[in-house]
């Protein structure tokens, strides 16, 4: 299994294309930090959990597009040609799919660590801020539901036609710019920008970092829907 | 012939392809987004709402769609593995050329369909404002060339990288760059979303369209060059990029054409005539301080507007009894090219320098002999906009519908020469235009044989504001003044419908009653002038006030309860003339890092609030003024850097500058009015404040920058200390 | 190992009847050649045997039990080479075989080296797959099928793209493997079947026209193959199929197969190719 994972990582991540995507994500992340995050979101500190969450929300669309690019490897015509060979091996189809998706997940985590690392570096250099523990909750709440939902949706759509994954990329970009109710923003940007304005300022002038019930419910829903879609998509298809 | 035959085959194939039809239909729908959420231009003018915004939205969406189609079609032979077959019949380079021209043809057809599809709706909504030439030009200048540029770039990227997903990604990066803050204010970087700040309903919209046309040609040259270069990169003989490139270089016409196009594009970029090439930061004028030794007895400026080319031709003539020798300098807008300098009919050599002050660039010339009698400077060109303020203009336009020249934008300033108190201006304009010089009419003119008119005036101020248009003038009396309300004839219907004359008279009466008569407003006359949306917003000075045409659109004027916003801007700007002459600004308006809230804006906003309270009641005034100010100040004080200014000092300068700018508007337009309101409460009420402000007017009017009305003066007049007006 | 195909039919959603009630049995050792024109149902049969398709009707049994319920057991003993397949071009030859070995649960590196040796790709182990020619890619495909010494080897057009020397070599490998395995070989090259197969299946329009030893197929064609000379090669008798036309000094020598040969045609000793064409023609007439 480790060997298969190793090869999948080599194929998906050790190539110029992923490196290029990594660079583009990095440039965009720094641009977000230096234009939006530095000003502080909703009048909070640039290094508040709100600002950090908003930063992640801004960079997530591009990260998701990167993940969808990785998924195109699974659903391309080329992959279907190789699948003729791999499907004739005794490895369990579901386990095989999970191993391959682990490679995608590792790529995603690497990307996330990279952009988060950039942000933490930004905080240390410009604000001398090092209390990174407060960022764990916003990171989990922002990143996890997005990723699971996109993976599930991506696999489901990719099974129909690989070209639809590019359409999903456009959708993912459109979702980030079109206004939706704050709690239901897939990437969470609206919530992080608007909800703190409704909260009273604390002793230090900063509103406490709270996750509203509506927001948590929506995140949970995205998570569940993503899991369901993913489970549906990893079932092997046998033609009748 | 073979190429034409292939073009016909490819055109037919693409025209029958379902992808092409999907792209065409979606491109037709693209402009719909411009009516609502994808608005890139000023929507408060009808031309913006119904022409500029839909066209700009359709331009971007269509460009992306046609690029997607280009990528799909470029990849088709490789996807279907028919490249081996097709390459054996037709050179892939020729095929790429044929494909490109077929896509360009189909996109042109789609653009034409857009023109037809939106025409009826636009005519109905815009009614008499509709300008068919503007409508057509918008599509042909903005939309179609941008679609072609997009097709060229997409094809070029694919032909270089030969991977459709990588090409798509790189294309997205190019699109993103055009929308990013790096290209935000730069006309020439925005290849997919050309800058059209605004159109004008009543004047001319050619200003930004001319720039857009230039940038489209520039980018067509650049994209065409890149695309031609990419033809050389098309993989041949199963070889990689470098080997294919090397082999295809033998087709010498390709690299030569590519180089020619790219060089053309680059030179157009570097030599662009619209934005000056001066420094990024504004340089204040200080050449006033030069010692002037040559006494000039008479000055004549002969300005001729050439609306067809958008240029101004001018001859400045200086007469001296005995002119001095030595190096002299001309400070002139860098958009003008000095054609010749003659001294006593002898040519004088001159050298342009790289020094900029304000909107002027210095050119030096040396008068070798003293005792000269006449000095003539002839120049021609088009005034550029300042780089530090681009893409916003200073209102300079020379078009067949409107001429507007501000400050030093039409006449040179010379150092080393001592000027007389007046000069003669001879201004030649199309016959249908009425000029306003420093917001006054010019009485004398002669009719020329070519239908133009030459207007002549003796003028005392060397800082001229010139506008000319087919104006409508309404003259009326209000508050003991003769008022001339001057606006574009195209607005006559709206002005009559909303009874603007009566509304203006009302404001004049109120301010005269509460602030005192305008002692410096030419005594008994007042000019109120509408100006183009291209230099929108308002302005005021001695005896005159200007409003941008956005104020006068039907949408704004039909809702007087909108509050302190566009519909009441004309009131605000008119109130400015009571405060503008007191020199309150003291340069803070130009220094964006200065967060001092004291300026004439605070006094003007407060006075406007008082008028609205008088007109619409206390509740209205509280809702749309006091509460709005307080909300803005509350938000400002919640800001992290307001609470923790020490963090601001640790940031790099660029970040600090950006963040400081965010506070400025609140300080000027919200914090200061609240402080004045507090002063009103402390001094004993509105009547007492009116008394104080009337006394301020009479003491400081017309002092200008020599003895400006400072914040301390205001505190002294109110009998208050600085701590008294700190907001809770 | 024993595989039974009982009255299996396969109808695709488009309505095409790929297989019509076919039955056959296979057990070790056997080297079975499947012949048939395009669209006969060869590939469909193979896909059914690797549990890649579910039959519309009928059953396939592996050692007496339903094949679909023993999919993992089947695939652990299966080596499969499809007619068209892809490779991960970014990997090297060795890496790809290693990857396939991992999928098959094979840990020993020696197994990889062994199959690469057998298919003469050991020297190109470090070459990226995208750089390989068509024949080399085919050899890599064969290599992955041979991994793990499978008991059931299903090969669809395995010698396509190989030069004659390699074809002979691989035929010998398949023949060697068939000594204690089931090898199912689908091909258009009749010579391959003739050389090594101990059993031949002729498929046409989804039916089995013949199932038996090659010699029997040939003997059934006795008296139905003939040769005659023609001036221009056009005067072929009706109801005859031309197998070959050869220019000779005396004219064009035509070889034909037919149910009934004309009198002027000299009877000839049938070959496997003649027999195949004769049965296919008969099958066409029957359908």
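When the chains are written out, they are named A, B and C in that same order, and each has its own residue count from 1.
Definition applied: a contact is a pair of C-beta atoms (placed from the backbone, for glycine too) under 8 Å apart; a residue touches a chain by one contact, two chains touch by 3 or more.
As the structure is a computational prediction, the values presented were derived from the model and not from experiment.
K.L.:
By CA centroids, point me to the most central chain in this structure.
P.N.:
Central chain: A.
K.L.:
Look at all chain centres (mean of CA atoms) and spot the one farthest from the centre of subunit A.
P.N.:
C
K.L.:
With chain centres taken as the means of their Cα atoms, state the distance from subunit A to subunit C in Å.
P.N.:
Those two chain centres are 48 Å apart.
K.L.:
Using mean CA coordinates as chain centres, what's the subunit B-subunit C distance in Å?
P.N.:
Measuring from centre to centre gives 76 Å for this pair.
K.L.:
Could you put a whole-Å number on the gap between the CA centroids of subunit A and subunit B?
P.N.:
So the centre of subunit A lies 40 Å away from the centre of subunit B.
K.L.:
Using the touch definition up top, name the residues of subunit A that touch subunit B in the complex.
P.N.:
It is residues 17, 20-21, 24, 28, 31, 34-35, 38-40, 43-46, 48, 69, 72, 126-128, 166, 201, 205-206 of subunit A that touch subunit B.
K.L.:
Which residues of subunit C touch subunit A in their complex?
P.N.:
13, 50-54, 56, 72-73, 75-76, 78, 80, 82, 84-88, 90-91, 95, 98-100, 102-105, 141, 144
K.L.:
Give every residue of subunit B touching subunit A within the complex, in rising order.
P.N.:
Interface residues on the subunit B side: 163, 165-166, 168-169, 173, 176, 180-181, 635, 638-641, 643-644, 647, 650-652, 655, 658-659, 662.
K.L.:
Where on subunit A does subunit C make contact in their complex?
P.N.:
It is residues 1, 3-4, 7, 10-11, 15, 78-82, 84-92, 96, 238-240 of subunit A that touch subunit C.
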